[in-house]
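Labels A, B, C, D and E are assigned to the chains in the order they are written; within every chain, residues are numbered from 1.
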């Protein structure tokens, strides 16, 4: 971890120093222990503020499009963009790199303007899980490849694998997408069993309809409609989000459970075939909702039905922008006579 | 010179030609013998190779044809007499009485329900009954009933029965109807009467006519069809049981000089049999065993070979053998007995046998040919010229479709457009002379007005009123918000009601209209015209379908039907409230064409357009014209190509309207239909209204397993190389033994399609060689002989000359070796299963035709799709064979798919015809209901550009905003649904309109 | 043998003044004309009959018309309900297996294997009597019936006409 | 004969594509195939036009069922609209089931212009399956009071 | 279908003499027209006998397998039933080709009885009984019937009756082995009341000379029959059952 942090600081400083990039997106230490914040370093000196640890849970690509845009000069409509716009550096793990792939495909970031440094990832730690074990009094954390050590908590150390964020615990693509990386830092990556990757989803699926509805309605009844999930998501970049649309008004603004449900369904659906399970939404949610379950369910179906995984093949068309004549359609209602004798 | 055209036969070809001609400035009289148009295609269930529902793709064309201002549809009519000369024919058409007034008939079907006389339903090949008063089929055009005078009780015994007249709510029955003679003056005549399926009754060994479960393929189409006699449940005739084992017998009434006397191949049966097998398997409740018994599998069209392969994967059994006799077994089952390829007798038990019957000229068509004084060929089809495949022997009389040779739908449609083109060329001076254009008053701008909605509720006689309480619905609608007028009409579509409706709109100052009646599919345009007559934009209109989707389907529940009608009216009112006036979009046309490719196809297109007075730029990458035709010796009919080619080249060369650019290619292009700007490699910038791509193809250079010493042994040649030798008079007569290998590079996993031309080409060449030197031994090593249509004659000729055909398969390729400079070919004879050894002094490889790799780049320039094999992909394989989905761009020739010269020429003519539709006008109409981007909401993700099949959406990467090219948009809404940001709306079908309808539907009353 | 004479006259262009006809055609004609009166009343037991279409008479000779005549005569003679047709039949019927000189050539096993087609076809009808209006067919059908253990009786048509004559 | 005053009748919002399914529905009428009167048809150009929002909106508005029908794959008048639609429907349908919406509330089908009887059959099936579920409550924004009562009764 | 190297057909060394001979004798043979579709084989009950089928027979001709053609037993498995030609899309008369190949064998190589039947018929009739025996048997049987069945006392079996309206041939089997089988037909003819006659020469209608393969023998017997009937002056020649 420390080695990687050192490497990031060094490369960011070099790139900034050489003016190859004008900014580098990374993390700095948060105000509380076990937290980090997005940080944009704009000089070699600032690059020294960059940190890398198990609590870099907010997807840095989230701020990439707006940062890139900030370098664009004001223009009259119809004027072309200059060719030599400043570049931005960013360090990305597997899931973030796949977000980058989507952003490239959706024109939210230009490949020409991004220096992407691929990072190995051993999985990020779940602050909530740790605090549940250590108590709230932790003042300092240090980490090795296997373990985390706490100062001030009721527990001195925890195994990394026991306190992984759920998205990291089910991650099967920790390696950055090499084809869109400018450079890659080699290192060990988390190695999860692919068979269990959708266990969280399968657990819900196993319930009956009423059970699932009870789960869904109770889970999402806590939502306060703060939209932190949306704001943390690197894929939510519509100028006007549907929740803010007035004509037509898709969802009411109040805390009506129907409106809240539809917000979450549509938000998840908008991520279908695009979500890389980076977990930022959950990390950002002040109410601790298991938001990922919806997007993860979609991930699972996209894999099952369309053999596609967001960003894994960075130049393959996104699943909802293409089709195959042989796509499955078991959900299609058939006239009764064509279904055989027994139905 | 007259500006009108007589088309005889409402087949798909006739309908397509009528539309092409009427849309490009000619008035069309379309004469149809039966009571409705649609031809054989209307009887089909699905169509190959796309498995499109036939009715689904055909209906819109028929409706368009029926409603066209410049098409005069004459049903129940026959040509009686023709005089005059090309450009000025005088014809008499006899129209038989319908006994139903089509202006009054509302096709409610009350008459047929009450008619006591049951008659065999010819449309379903007599497999069920219709009534003496009947609708030909549910989607027919005109959608009007007719009385069958042979069976009608009243007409045979006046005074008896008359039930139909008693129940007809529209007073449409007219027993006193008489026949009428139409004397017309037309510039040209086009024959498109279609074909008849061979009747196998004479073939006693099939048992057809005696064994109930032996049916023809056309009968099977009806059995499969949801609108057929068993509503698509696939029941076998004897006992209604669903068959689980079905056998198809190929070449019934085709390729048979003995019993049917049809020596030609009917070209379509192999494919339709595969299609039926696949569809039957899909239909079946349990696993259906489908077997096809055939001699040569002829899947020579685009996508056919892949379809064939897919069918094999899906378990369709292909047995290369022919069944001699079908014998009955217990429980109405049947036994087919055949000798397999080894010569062992086998017996299969099946539940149903389908005879894949061929196509024949009808007696009526022969009479017609006689009347028109056009020659027939040896197969009794209309005789045509390979270099003008739609011209008959008589000038001014043209032909298209299966009446000149058995052919599939796309080829018929190609010919229809080609024939239209030839007529356009001939009559181009009279364009727009006899056509009419609808006139409407200026439209009132209602933008600032508050909605004032009028609701007209139709009783449709008792069709609606008999179930729905129309008074209640009318009163209810008056109370709906913004509704200022509501009225109940007996027949909303009757002329007096229409007139009165227009008046009401004006008097009441209505600015939105709802008609609650039947279906918008048949009546929307009528009411929309009424709005226009009243000075309202036609998009300020909605229909509530309270007949077809309400009163007719809830006949026993008037209360619920009335409630539903109210809901439907409320929904329509909600939807129309937000409707906006939309522009009648038009695109200005630059009256010039760009033709890319100077081969036979490109030249034909260029000449066809130039001869109509349109300036054409013809761009050819090589430094001479002619393309592949330069290397061709003979057509399959044995006609020399060179002479005709040189004629064409010189015509192009000296044509005032053609600017020829040799050694030039296309670099880039912008714009769309009506106005393209293309930059050429010489730097020239062209402005043109349409683009035709005819960039050709090329022969494959044999490699790998299929190289057969090509390139290393000089005695190994390709077909074109031998053609070139023949063209340069190199003495070929001294060759003692020649061996041809077919399918070199075709129908192999790496190149899975059939190249269509090589069988015929190779055999024609072999025949020529054999005639040069009758002592020459010639052997053809083939996989399936695909001399489709009348090309079968060449195959027969070759055999009759002693050319021997030996079949090989992919597991047993011919082995070609060289020993001391002497070629040795080994192959296994497919009958004796013994190895045969040849020492030929000429080995000819019939190599595949492949697409030019550059085709892909050109396709990108004009945003046109290509298929996996690199050929350009047309808009629709069946009904739009020369169009792209993108308007204003057309294709012809080998770049579409391998094809012989005459088909390239026909396709080039067709492409020119389609281009003429644009070029003949100053403005071309475009869709009004189009998508529109709200730039404030667009994030520039580009999703919409990937969803649009017409390339109407583009993304500006500088502004990161998408936009819609209105002239290309067809209003499907795929982009709207795909846009997460709701940045695209579909005009008048925006989310808010649909939500308004949903909310209205769910509103509690 | 009908075909041999018919085709011989034709092929070798043999001059002749007579008209060449089959007795089957005449039977049918005479019955239709009322000159030959027959009544199936004798068949009170309801013996079931089927028929062999001689290749040389039917397929190669006169074709379906004579096969129709043959059936007409049989039905008149034994009662319509007592006739069971074979399949394939008339011009498309199987050869008995004794034709073309097979009965004389001596390849008995082959002839009988071939004849199995005919035997099975005839047995399927369940008929008690097979009418074979040809000596060759008669000989072969008797032989295969015997060889394959059939129970039907093989006879000429004339015997039954005589039985039914009134 | 249904008594609309006493027996609860589901309301099923039905989106039909213009070219195939709407024509198929018309053909059912022309052929007089009878089916339950519970659907309310909204014509859309193509099943590819169907935004998932529209389906959710109908559910929110209280539709007891939503049915979307387009051309059979390969038959699309707009070439590929139904293929895109099929992907969207597959994902949305599963997601709705996942969050506990009753399986039959939202259904999809293909009906061609020639399938009048099939249309009637599908409508009967869908109506029956929705009727079995009872009035919609999940995702419904303003559940009418009497339905709440009914639901409560049903749960007893 | 493994390729067998054992009997490779070397095109270079083919004579195709048999085919040539056939085509000379029968210009409409059209052997080359064959599509090898196998329709003939599917309907031929002899398919499989001795491993051959009509399609293969044609192929032997086309590929010049003369030796095999000259020795094959298959030409005697074919019963000349013509179910093949009945449906052959190319109208190939396989039966006639078989006969021509039969004819290429010397008389000694042919099945003895087949040739013998023809030889006898060429002499008089296929069983070889003397014509006088035939005349006697007819007379004898007739007499017996007249005596034993009083209702048939006036039954006729005319012989050599000049100018009779109908001439009737007789299969040689009956007078030879089961003479009483002639009676039913006599009775029928009598009942109908037609004027008919037998001939005492060339009376056998069997025509076995069609089968060994010598057309001239066949021609001879038919010609003899025709001459006989014309000599009797009968306007109609009835072929018996």
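In this text, contacts are C-beta pairs under 8 Å (C-beta built on N, C-alpha and C of every residue); 3 or more make two chains touch, one makes a residue touch a chain.
Every value quoted in this text rests on a predicted model; they were computed, and no experiment measured them.
K.L.:
Among all the other chains, which ones are in touch with both subunit C and subunit E?
P.N.:
Joint contacts, listed by label: B.
K.L.:
With subunit B excluded and the rest untouched, write the groups of chains still joined, or say one piece.
P.N.:
Leaving out subunit B yields the groups A, D | C, E.
K.L.:
From subunit C, count the fewest steps through touching chains until subunit D is reached.
P.N.:
Steps on the shortest route: 2.
K.L.:
Of the chains shown, whose Cα centre falls closest to the middle of all protein Cα atoms?
P.N.:
Chain B is the most central one.
K.L.:
Using the stated contact rule, I'd like to know whether A-D or B-D comes out ahead in C-beta pair count.
P.N.:
It is B-D, judged by the count of C-beta pairs in contact.
K.L.:
Please indicate which chain is farthest from subunit A, where distance is taken between mean Cα coordinates of the chains.
P.N.:
Chain centre farthest from subunit A's centre: E.
K.L.:
Using CA atom averages as chain centres, what separation in Å is found between subunit A and subunit E?
P.N.:
93
K.L.:
Counting in whole Å, what is the centre-to-centre distance of subunit B and subunit E, each centre being its mean C-alpha position?
P.N.:
It comes to 56 Å between the two C-alpha centres.
K.L.:
If you average the CA atoms of subunit D and of subunit E, how many Å lie between those two points?
P.N.:
76
K.L.:
With chain centres defined as C-alpha means, what is the inter-centre distance between subunit A and subunit C in Å?
P.N.:
About 89 Å, centre to centre.
K.L.:
Could you list the positions in subunit E whose residues touch two or more of the other chains?
P.N.:
83, 86
K.L.:
Where in subunit B do residues touch at least two different other chains?
P.N.:
Subunit B, residues with two or more chain partners: 205, 325, 947, 978, 982, 991, 995.
K.L.:
When you check subunit C against every other chain, which residues touch at least two of them?
P.N.:
Residues 91-92 of subunit C each touch two or more of the other chains.
K.L.:
Name the touching chain pairs, please: which are they?
P.N.:
So, checking each combination of chains, I get A-B, A-D, B-C, B-D, B-E, C-E as the touching pairs.
K.L.:
Can you tell me which positions in subunit D touch subunit A when the two form their complex?
P.N.:
Within the complex, subunit D contacts subunit A at residues 52-53, 56-57, 60, 67, 73-74, 80, 83-84, 86-103, 107-110, 115, 117-118, 121-122, 125-126, 138-141.
K.L.:
Show me the residue ranges of subunit B that touch subunit D in the complex, using the header's touch definition.
P.N.:
Residues in contact with subunit D: 45, 50-57, 59-60, 107, 109, 138-139, 225-227, 231-232, 519-521, 545, 547-550, 552-557, 559-561, 563-564, 567-568, 571, 875-876, 885, 929, 947, 949, 970-974, 976-978, 982, 986, 989, 991, 994-995, 997-999, 1001-1002, 1004.
K.L.:
Which stretch or stretches of subunit B touch subunit C in the complex?
P.N.:
Those in contact with subunit C are residues 204-205, 207, 325, 327-328.
K.L.:
For subunit A, which residues are in contact with subunit B within the complex?
P.N.:
Touching subunit B from subunit A are residues 77-81, 105-108, 237-240, 242, 245, 247-248, 270, 317-318, 320-322, 337-341.
K.L.:
Note which residues of subunit B are touching subunit E in the complex, please.
P.N.:
Answer in residue numbers: 205, 251, 255-259, 295, 321-325, 337-339, 341-345, 737, 777, 779, 796, 799-805, 807, 812, 826, 828-839.
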